[in-house]
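Quick one: structure below, then a few questions.
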Amino acid sequence: MPKGSVAITAERCKGCGFCVEFCPTHVLELSSAFNAKGYHPPHMITAEKCSGCNLCGMYCPDFAIFGYKFPDLKGGKVGPA
Amino acid sequence: MTHADPRCVLTGTHFINGDAACCEGALAAGARFAAGYPITPSTEVVERFASRAPTVGGIFIQMEDELAASIALQGMVWAGQKSFTVTSGPGYSLMMEHIGLAAMTETPCVFVNVQRGGPSTGLPTLPAQGDMMQARFGSHGDYSTISLVPSTPQECFDLTVTAFNLAEQFRVPVMFMMDECVGHMTEKVVIPEASEIELYPRRRASKPPGEFLLFEPGPDLVPEMAHAGEGYNVYVTGLTHDNRGYPLMNPKMQRELITRQFEKISRAADQLTIVESEGVEGADVVIVAYGITARVSRRAIQMARDKGLKVGLLRLICVWPFPEKLIRELAPKVKALVMPELNMGQVVIELERCAGGKCKVISVPHPGGTVHKPADILEAIERGAQ
Amino acid sequence: MLKEIRIAGFGGQGVILSAHITGRAVALHENGYATMTQNYGPEARGGAASAALVISDQPVLFPYVANPDILVVLSQEAFTRFTPEVKEGGTLLVEEDLVHMENLPQHLKVYSIPATRIAEELGKKMVLNVVMVGFFCSITGAVSYDACLAAVKDCVPAKFLDLNIKAFDRGFQFGQELLVKGTKPEADTESEAILESAN
Amino acid sequence: MSTTPELAILNPVEEVLRKDRIPTIWCPGCGIGTTVNSFAYALMGTGIDLKKTAIVSGIGCSGRVSGYMALDSFHTTHGRAIPFATGLKLANPELNVIVYSGDGDLTSIGGNHLVHAARRNMDLLVVCVNNMIYAMTGGQAAATTPGNSMSTTTPYGSFEPEICLPQLVDACGAVFVARWTAFHVKQLERTMAKALKKKGFRFIEVVTPCPTLYQRRNNMGDGLAAMMDYKNSQQDQERRPHLRSGHGARRRYHRR
Amino acid sequence: MTHADPRCVLTGTHFINGDAACCEGALAAGARFAAGYPITPSTEVVERFASRAPTVGGIFIQMEDELAASIALQGMVWAGQKSFTVTSGPGYSLMMEHIGLAAMTETPCVFVNVQRGGPSTGLPTLPAQGDMMQARFGSHGDYSTISLVPSTPQECFDLTVTAFNLAEQFRVPVMFMMDECVGHMTEKVVIPEASEIELYPRRRASKPPGEFLLFEPGPDLVPEMAHAGEGYNVYVTGLTHDNRGYPLMNPKMQRELITRQFEKISRAADQLTIVESEGVEGADVVIVAYGITARVSRRAIQMARDKGLKVGLLRLICVWPFPEKLIRELAPKVKALVMPELNMGQVVIELERCAGGKCKVISVPHPGGTVHKPADILEAIERGAQ
Amino acid sequence: MSTTPELAILNPVEEVLRKDRIPTIWCPGCGIGTTVNSFAYALMGTGIDLKKTAIVSGIGCSGRVSGYMALDSFHTTHGRAIPFATGLKLANPELNVIVYSGDGDLTSIGGNHLVHAARRNMDLLVVCVNNMIYAMTGGQAAATTPGNSMSTTTPYGSFEPEICLPQLVDACGAVFVARWTAFHVKQLERTMAKALKKKGFRFIEVVTPCPTLYQRRNNMGDGLAAMMDYKNSQQDQERRPHLRSGHGARRRYHRR
Amino acid sequence: MLKEIRIAGFGGQGVILSAHITGRAVALHENGYATMTQNYGPEARGGAASAALVISDQPVLFPYVANPDILVVLSQEAFTRFTPEVKEGGTLLVEEDLVHMENLPQHLKVYSIPATRIAEELGKKMVLNVVMVGFFCSITGAVSYDACLAAVKDCVPAKFLDLNIKAFDRGFQFGQELLVKGTKPEADTESEAILESAN
Amino acid sequence: MPKGSVAITAERCKGCGFCVEFCPTHVLELSSAFNAKGYHPPHMITAEKCSGCNLCGMYCPDFAIFGYKFPDLKGGKVGPA
């Protein structure tokens, strides 16, 4: 049961791979698909491992991805860590 | 128009030099902030300002060089203040990049240049009018600004106020082109009551954030202004930019932007034809001069009149934009226009162009260091009258 | 009435201030017109310094002085350089200890004063310029005593006011006494020597 | 897997970005954007009044940062962001004024202003993006380019030693001096937040990848390679001044 | 005249851009030292020089800013070398003080400005000719220098050599005013044999130390030069100075010095009238243009001739000093002179002045970012022909 | 008492002075001329080839030194002596190039060149006459003016801390850094001689009296008073940066 | 014979070099005249880049290209921006994987090539521009094979020479094959989709 | 018997007093006479104490004085130390 997830704006992505490399739980991978600019944006390969920690978002130089936590059952805060 | 703040105005009669009068003019005009760097013969302006400004809640900051001074003042303006800087030849050369920045970003401010003998270090303590073309063309690229030239300490006061007013009205950097003579000449200067000093207020954004565009031309092509800290998220760049201020680097935007910046000045040509004329009507020869040289010319005119010559004086107070229309009208009516300048012939280029071959144009150049001998000007008048 | 005046010496002698005081007296305390200009070299002290003053009952057009009616010299260099420029029949005021008057043109009216010595006697060499203003006022009459004194008061820091008034008075007094004695400097041995060499 | 739809649309940093200007002009793998994230979170985290916050840049790839921030943005001339910011701050002391620009801009042509703003303890936060090159003009050597590096103006390797910025700024008397790399996103955010809340002259250097113009010419791989390098290697001293003598990436400078 | 050093000359046929050709021209002219600072679109010149110079015993130093670059090169010259610097608009503005220094100290050197759109940061990657008046008047005070404008990469090579030669002949800083178009335009460039490249050698002191005076004018008013390290104890100052080089700051010395510095150029007006003319004889309309704009004008001329109009082209290669005499002679012979420029109307001021009302003068301004549409120039030709 | 007539006429330092330019423009009690003595003896003592020695100044009272030396003399623009000297040296490496100028010139407007010449270890000797003021222009505050001092542009006392030059230059990597006062004529001579013989970027600061424009406004007496002060007082820290924290007048800096 | 050519894509694709090679071939290896100019944005990579080439048997006067005879596009943005400018009946060369040809004017002769993919197959994406040069040479005949190959050899570093020659040949070959099949791109499903949307 | 002496160019002197103050053996004093510029140049008051050490020369900012040693009976060097 994943604790969080990511939102990706594929058209902004320049395929640098920072998010993939620095995701602590190795949730992401660059897809083989091109976006309009010819880059390969990331997608989730092990979504269940995502903690929503938003490290991917912190690293993404193009504001193309960010992570967020699912609402806590006890009513915690929603939003990036 | 508003009026000067009485706390900043040293109302009264003074025996002060042009540098001091310029400082008082800036204060009266509402400038409480200035950035500068010392250089002879201009330093007295900021020395006085450093002492006066704190008494009215202002600051003078002496920057590490003229590059810094000439942009720090623009920061002051974008923070909502009126501001100016003061320098002389070598420092003025160092300010050229930032005069272009002020023109491009339509930053209202005043650059005072107390001209001394050049080129290079030249004659630091002696007068010249050798930076007149630099005032117009010294920065790279095309821009159009305003240059005023005072010829007495009294005018150093009066016209400094005008310089600030024009800067605000047109959102341009205004060049205040003094010279060592006028700067270091001491005379009676009358500073009026604050209520008699009219000020052109900052053209502030009349729309709220979201609707307001920082470079949207008004009816007179001049945009309104918002400052840092007012919630407008202003965007100011020296790049070619659109009405939001965002960089937009293509020939079309360039044409739109630069043409407008020229037109906002050229449309106001009549207002900016600021001259003093004396005995021009019916004259055979008219001396066209500015600053200290106009004053020296008066003696030559007296001498010429004593000899029975019909000579008039057209004193240019606003040299840039050049009073083209006036000269085009005047040239056919006279035998000659005579232009003495404390330089090797600068503004006379424009004079001759505008005269368009309709009369003789006689340049009386002088490399500076002192003023003309009236006899030299007289000689030119006589040549012109033939 | 238009009078062209030059005051010259070296930097640090207060030449500019003395011209300022005189001009101010005319412009602000006498309803006249005065234009003061100055020349100085790159040196902060010790270099040549000179001020020109044009006073008139009409607005002053031409602000410079080529041939002064009155020349005040406080240094040898200034004497040598400017004396030849004085108008025919003009007046020359001299700091007598610092100037040896060689080749003095005969047409001039000459008045000397040991201004520095007087200032030193008053306790501050720096007031030699105010001594000179008093002397000038006294000898030339180009500006009134009252106007001049008022201008001195305008221009000096409060704590040195008394000293300066004294300096002004001493200069003025010295002038008055000299006028009684005639235009030539006192015939003490020292100044006689000067006069001799001034032939 | 249910996502909260609103969140899925808006990246939180966009609160302080000019959305209408994204995508940025920066290259794939350029680290400048990464530093902007740390800055954005620091800005938001400290709760300073963003309406009273201005950002000033000079010219360069890094100098474009000001233009992406939804603050009062000033993109001035090359090297002169600090004196512009000085004027801004003096004339309106209520403003938080941040200078954000490149190594060439702030330390080469603008070096004098850096020195004197630090000396006069001007109340500014200066963030220097150090990619060790003049990037925007195509990869010329900067004062920060490590000795022996290749660049378009040092085709035989640069023969000048590079400058150590924290040491320089410290010698001038800055009250707060720090250095991180673009890899250290969290540490950088915290440092920025801390610096934002301080008064006086504060300086933060961020060593940042420039794959296109610095790394390629020096066979140093892409942006990711640089980030990995920042992460892993603490030993290899070659061409990585962020790891050099006493000014290790992790070391923070405090003064006064 | 001597000849180029074969080791420095890349004899052969090349497909290179104007920036590269300029670099090769400098090397061929004997410059082995340069100081610079990167700026688009000029950087390629020094990048190439950085790579080429060490192969011929030279050095390129990238300084910390343009202030430094523009004076370091003068140090190089006083050490006995030929040297130059390269920049564009904003950097050129920063060099203004030192252009004045070079003029005042009569330091032979070359300032290359690859012009881009301005003012301020403007259009860094796009062309303009907006710095033409700055090249003449951008530094404070009065000075007279030479400005050349190439219109093809081939000319970037050829005229760079000329620029160095003129610098040496007249002991002045020469402005080499390229633009982004020409700088970034790639064409065939033929570099001749070294033996075919004539160089004007440094005018070295012909008298021994003790007798030699560093600023004593020769018959053509140009002084000879001694360098540091040659035992002459040279004294070089930006202050007004006497023939020894010692500061002498009075109006008389100023007049003597500045007048001579102007005259050494003005006397050579004929040599410095460097133009290319085509179809001017018998033309009704003559286009007067320089640099890339002259090339663009050719298409407009073709179009006009197709319409049966008699149009000629006068291409200014040396823009400053302005070919005054030539224009004064030409004006009465034509209906109109048409001047397209990639600026808001700069050199046309001189054109109109010299035309003296003898014919129409039509300015075709353009704020830059791209070149003129030939149709716009055609339209002006048609107006002129009426 | 017999004197050797020849000696009685020629002051030995005149060998390296332009005699036709004496008297100098300097004020009574100005310390600049005193530093010139140390420099002259150092020059003569080291036996370097004076024909291959050039001296470069900027603008200022101190900047006039180059014009009094019988060397190749360059009086350049304000602040730019170092880059001029850099060009000179690069294009003729045989030359000994000395930059001799004022504090304002070298460290305020010219600060960037100082930083970068030190950084690139340019082979120059820079002598900075620090009179803690802009003298030639009439006594404005400089970056070296001690905090709280009076000057024409700080009529209420300067509110900016002054810079410590040896610390700055050291941080930039100079190979030789020293500071003396004009009182320390012999030490200065020795230091200058030593520096003349070294290679790389060398920097010597000389704290010097300016009675006319600095001291008078700060009630610090005449030139002699300043010299006495340099001699005697090691405790009083007020307005005498030459005595301050760790940068005592007697401390010499060496690096590399 | 005057041909105006534009090659456009984004920074980093080697657009400028491909124009350079082509121009060089004409100017140095064919006795023709060629003028190359370039436009680029402030971005070092990823921004729009385009080069214009005018080739002729006469000296080139006007160096710019407003309406090209031949347009080579390597990016979607370039396609959208420049296609409308191509002359009536002109030729369009397209990198087929990077460009979706929407609103393609009917009058154009269109030729596509997966240049990036070919380059990637050759082991170095960067040679896509040389593939494109070969393709250009092959399709347009505006410059000869020999001249073009010689220019390629002039321009690439020795250690990549073989690779580049291969890239050039592959591009040329691809063109020759296409010419045999006709001007429209291969009717595989992917490009059919493109053609559909190009109505 | 003095070991050395000084040479003074009175017209150069600006009366700063450095030479007087820093002469280690107090040989000098400012005279009461003026030179042409109005300054009081130094003169020797205790000439016999002069060592010719030239410290006065080192200090004089106006090159107006210098000290020199008398020739050593044993034929030592003549000139400033």
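Some notes on this structure:
Letters A, B, C, D, E, F, G and H mark the chains in the order given here, with residues in each chain numbered from 1 onward.
Everything that follows uses one rule, which is that contacts are C-beta pairs under 8 Å (C-beta built on N, C-alpha and C of every residue); 3 or more make two chains touch, one makes a residue touch a chain.
This structure is a prediction, so every number in the text was calculated from the model and none was measured.
Note on connectivity: the fewest chain-to-chain touch steps from subunit D to subunit H number 2. More contacting C-beta pairs link the chains of F-H than the other of the two pairs F-H and D-E.
Measuring from the averaged C-alpha position of subunit D to that of subunit G gives a distance of 39 Å. Per-chain Cα centroids separate subunit A from subunit G by 37 Å. Remark: subunit A and subunit D have CA centroids separated by 25 Å (rounded to whole angstrom). Residues of subunit H in contact with two or more other chains: 14.
Contact of a single residue of subunit E with at least two other chains is seen at positions 64-65, 67, 90, 97, 101, 120-121, 124-126, 237-239, 249, 370.
Residues of subunit F found to touch two or more other chains are 26-28, 75, 77, 79, 108-109, 111-112, 115-116, 136, 138, 143.
If you check the complex, the residues on subunit D that touch subunit B are 18, 21, 51-52, 54, 56, 67, 70-77, 79-80, 82-92, 94-95, 112-113, 115-116. Subunit D contributes residues 108-112, 115-116, 119-121, 143, 160-164, 167-168, 170-173 to its touches with subunit F in the complex. Residue ranges on subunit A touching subunit G, taken from their complex, read 14, 34, 36-38. Here subunit G touches subunit E in the complex through residues 20, 23-24, 27-28, 33-42, 60-64, going by the rule given at the top.
Residue ranges of subunit D in contact with subunit A, taken from their complex: 1-4, 7-9, 11-14, 17, 22-24, 26-34, 36-38, 41, 185-186, 189, 222-224, 227-228.
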